[in-house]
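Below is one structure. I have some questions about it.
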Amino acid sequence: MTITLEQATKWINLFIEKLEQNRSTLNELDTAIGDGDHGTNMDRGAKAIKEALAKKTPADLSELFKTVAFAIIQKVGGASGPLYGTAFLDMSKEAKSESDLAKLIGVGSDGIKRRGQSDVKMKTMIDVWDPTSQALANGQLTKEDVNNYLNSTKDMVATKGRASYLEQKSKGHLDPGSQSSAYLFDALLEAMGA
Amino acid sequence: MTITLEQATKWINLFIEKLEQNRSTLNELDTAIGDGDHGTNMDRGAKAIKEALAKKTPADLSELFKTVAFAIIQKVGGASGPLYGTAFLDMSKEAKSESDLAKLIGVGSDGIKRRGQSDVKMKTMIDVWDPTSQALANGQLTKEDVNNYLNSTKDMVATKGRASYLEQKSKGHLDPGSQSSAYLFDALLEAMGA
Amino acid sequence: MKKIINNVDNIVPEMISGLVRTNSNLVRQIPDTTAVVRNDAKFSEEKQVGIVSGGGSGHEPLHAGFVGDGMLSAAVAGQIFTSPTPDQIYEAIKAVDSGEGVLLIVKNYSGDVMNFDMAKEMAEADDIKVESVLVDDDIAVENSEFTQGKRGVAGTVFVEKILGAAAREGKSLEELVKLGQQVIANTKTIGISLRAATVPAVGHPGFELKDDEIEFGIGIHNERGYSIEKIAPSKQLAQQLVDKIMGDFDETEGKYAVLVNGMGSTPLMEQYIFANDVLDLLKEKNVTVDFSKVGNLVTSLDMLGVSLTITKVDNEWIKWLNEPVETIGW
Amino acid sequence: MKKIINNVDNIVPEMISGLVRTNSNLVRQIPDTTAVVRNDAKFSEEKQVGIVSGGGSGHEPLHAGFVGDGMLSAAVAGQIFTSPTPDQIYEAIKAVDSGEGVLLIVKNYSGDVMNFDMAKEMAEADDIKVESVLVDDDIAVENSEFTQGKRGVAGTVFVEKILGAAAREGKSLEELVKLGQQVIANTKTIGISLRAATVPAVGHPGFELKDDEIEFGIGIHNERGYSIEKIAPSKQLAQQLVDKIMGDFDETEGKYAVLVNGMGSTPLMEQYIFANDVLDLLKEKNVTVDFSKVGNLVTSLDMLGVSLTITKVDNEWIKWLNEPVETIGW
């Protein structure tokens, strides 16, 4: 399945909406096992993306992703800034010659792994990105799947990110970055479904 | 009515007891219109007097009052330290040639007025000391009287001491220094009555 | 009440011990007292007017934190919120007199005034020249002949800094008294509190404020203020204080020094935000700020809040405010 | 939540503005960033390795309060508890490079590590030599290859002080990296909390503790600790931390530096009492303390609590720790 500029724009706008609506949900999740700012961080990113897109409408998919990446890198900070930023930057490079959705998400997922020196089962957003890219490759991603990936983080023990300091006590809580990633892919499904 | 060394020793010991028992009452009164330490201050004084008297038994009334004065001056601090300290120091000087109780308390009361640059109706301990010395001079002090003097401070507006910063709002509360002075004169009546 | 302490009765001696042991290059404790005196190499060789301050504890770093070359010669700590006793003050006076006399900087509280007066009488009996200045910068209370007068609060540090620097320069006791009175007359402070301080021996805050309330005009010992209002953005709080303080000066001409002081539990972050608003508002009023300082200097135990001090200064005072000092807390 | 702020979203820029405006003799703000850089006369003439640190805000005076001759060349402030972005760090690197290269002092948090790495890559593209050291002094968390490793907390100020003084002395970038790694390897911290910090955007404390509970091993961003216990006298709290930290060193020989750090809302009074107990306990263990410091240096917003840092030092480090600096917060 390929993605068009129009679909991707819709995707990003829906993502922005979800981030703005769920700022406090994300902060609360991050308060439980992190430092309470993931919602604030992503909301700041959402506003920066909106502003950047309002300034200049991207001409193609690659430019759209680059705009998203730069806005996030320059405004989010924290762990999620470089991670989402690197994902979209790598996707932007890939999108110069590729519009297959599964491939693009796969490249983004790899970017996060590289930047975060992390992998699946560490209770990070990768536990949503990685299976999502695989399901897309198999042509069968649903909102229920995304929700399952998110929920799978609940019983994991974190070994990367702030939550890892809690060791065993990180169990029993959803990973905040996985929740924001779930919003990202819910938005994607909504955009592609339309 | 004159006071003997034995009576005065009993008086001071009873005063010490009352201060130790009512530390938190005095702190609470001082929290309402002062800074919350009058009970702690007087309790520290009580312990210092006890220690000083344990070290050396005074030979006469004058020496007893001097011991009390020095213990208070060196250990109490705050406003009550110099005030009670000056009262007992002046009483010690007077006691060299005088053992009339009314005269002694009158001299103490004047010492407080001098040190505090204050007088009656300013919502301070003087509102107990001054009428007490007068009643003694008239030969008719009762616990009820002392209690009335204390209660008279309730509706006064403070014009000296910390409570004066509250202006009108100082109304409606007992003056903490008057309460400790009421303990002093209750103790006196108990000591003289026995 | 949650505090890191051992025994309520030992708070002050243990605190002074901790302060002295971790700053032995700067200060030493006078034996059998809770007074600290300069301990730097320069001190013993120096001939200058000794500057002694002190008062109840609970306002750290005031006063011990301001002992050092160019500021205080000694500081005397009383029990919490309780003036120190005359014998301790007397020991401090003796420890710093080098024949040039000693100036006492006293905050205007009846306890402090009486205890410092008694100490002065004791030192004078030893033929030491002693003078004192009474700091009464808190304009939240009316100054009337029928009351105790205004309180001494955060402005005290400006007085200590200017007098300390002037004493180091060799000013005489008489000159310092005059200078001190001038600085005090030109120094005005108002404090606000979001939560009262908890005196350890009492165990609960000195007064109650609702979750959305703030009290204006509080003192540094939980003295109540002149009004309780709904908590508002920093800018509005700053506006009220700036208006009141500048309204109390005859003019806005000249040069001013500004102190934003944290009351103990309010983080530096909020103090800087408040300071930023204060500077904006003073700029709007065309008030020239030539010196400014932010931090926990005159605290009130764990009170939540800040105070604003504004002093009308001349060029020499600015120089003295800016001069480097070696202290724990300036 | 009661805080003196305006808009939650403007806290950091307004704070930095307040800090810079009240300390313009020491620091200036890099335009369009929340990074501050030295502004003293000496800075522009100097040729030394630039020292840049930074991280999320909420730890004031860290890091901006340590910018000045002999300590940091620049500091980059992120949002509250959030690493700053690479472009801001990059601007700070450019502002302090005098051709001798730039050393980044980074607290070991994934966000900080990643953002500083990205900034390093950007600066290297400009041919600026950039190296970094990762501070991970918090021994409350296990250091395992399967986790993020230990956190960087209050020990960071000792690293900044020693490296800043060594850089002023002319040490090369390579020497400083080695020195920094040595200092970090010899620095151990544990923190305790009586009440968690309230992140303004969240509005309530990051975790709940009962009225008689205290948490051991917390981080500076409300990271939970290793155990919750009943609150105990200062001496017992100190005992647990001293035992744990000294037990983590191979020996008690040699010389040590001690930092008792307030977490934001705990008054200096309690910090000194705690420091007094720490020194008593170290003396019992025959540990030689050659440098000690007490105060709010690395805070966590309005957290109630303290942390204890102990560094095994050599004579040169002590010299560097003692050297005077011109900063807001040291």
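Each chain gets a letter, A, B, C and D, in the order it is written, and its residues are counted from 1.
To be clear about the criterion, a contact is a pair of C-beta atoms (placed from the backbone, for glycine too) under 8 Å apart; a residue touches a chain by one contact, two chains touch by 3 or more.
It should be emphasised that the depicted structure is a prediction, and the values quoted were computed from it without experimental measurement.
Undergrad: Based on the averaged CA atom positions, which chain is farthest from chain D?
TA: Chain centre farthest from chain D's centre: B.
Undergrad: Can you check how far apart chain A and chain B are, centre to centre, with Cα atoms defining each centre and the answer in Å?
TA: Computed from C-alpha means, the inter-chain centre distance equals 73 Å.
Undergrad: So, what's the distance in Å between the C-alpha centres of chain D and chain C?
TA: It comes to 29 Å between the two C-alpha centres.
Undergrad: Return the distance between the CA-based centres of chain B and chain C, expressed in whole Å.
TA: 31
Undergrad: Based only on mean CA positions, could you tell me how far chain B sits from chain D in angstrom?
TA: 53
Undergrad: Classify the chain contact graph as line, ring, star, complete or other.
TA: line
Undergrad: Between which chains does touch occur?
TA: Pairs flagged as touching, ordered by label: A-D, B-C, C-D.
Undergrad: So in the complex, which bits of chain C are touching chain B?
TA: 9, 56, 78-87, 109-111, 114-115, 117-118, 141-142, 146-148, 151, 199, 201-202, 206, 219, 221-224
Undergrad: Under the stated contact criterion, what part of chain B meets chain C in this complex?
TA: Residues 27-28, 31, 34-37, 39-41, 44, 73-83, 115-116, 159-162, 164-167, 169 of chain B touch chain C in their complex.
Undergrad: Which stretch or stretches of chain D touch chain C in the complex?
TA: Chain D residues touching chain C: 2-7, 11, 14-19, 21-22, 25, 57-58, 60-61, 65, 194-195, 211, 214, 231, 233-235, 237, 258, 260, 264-277, 279, 292-294, 296, 299, 301-302, 304, 306, 322, 324, 326.
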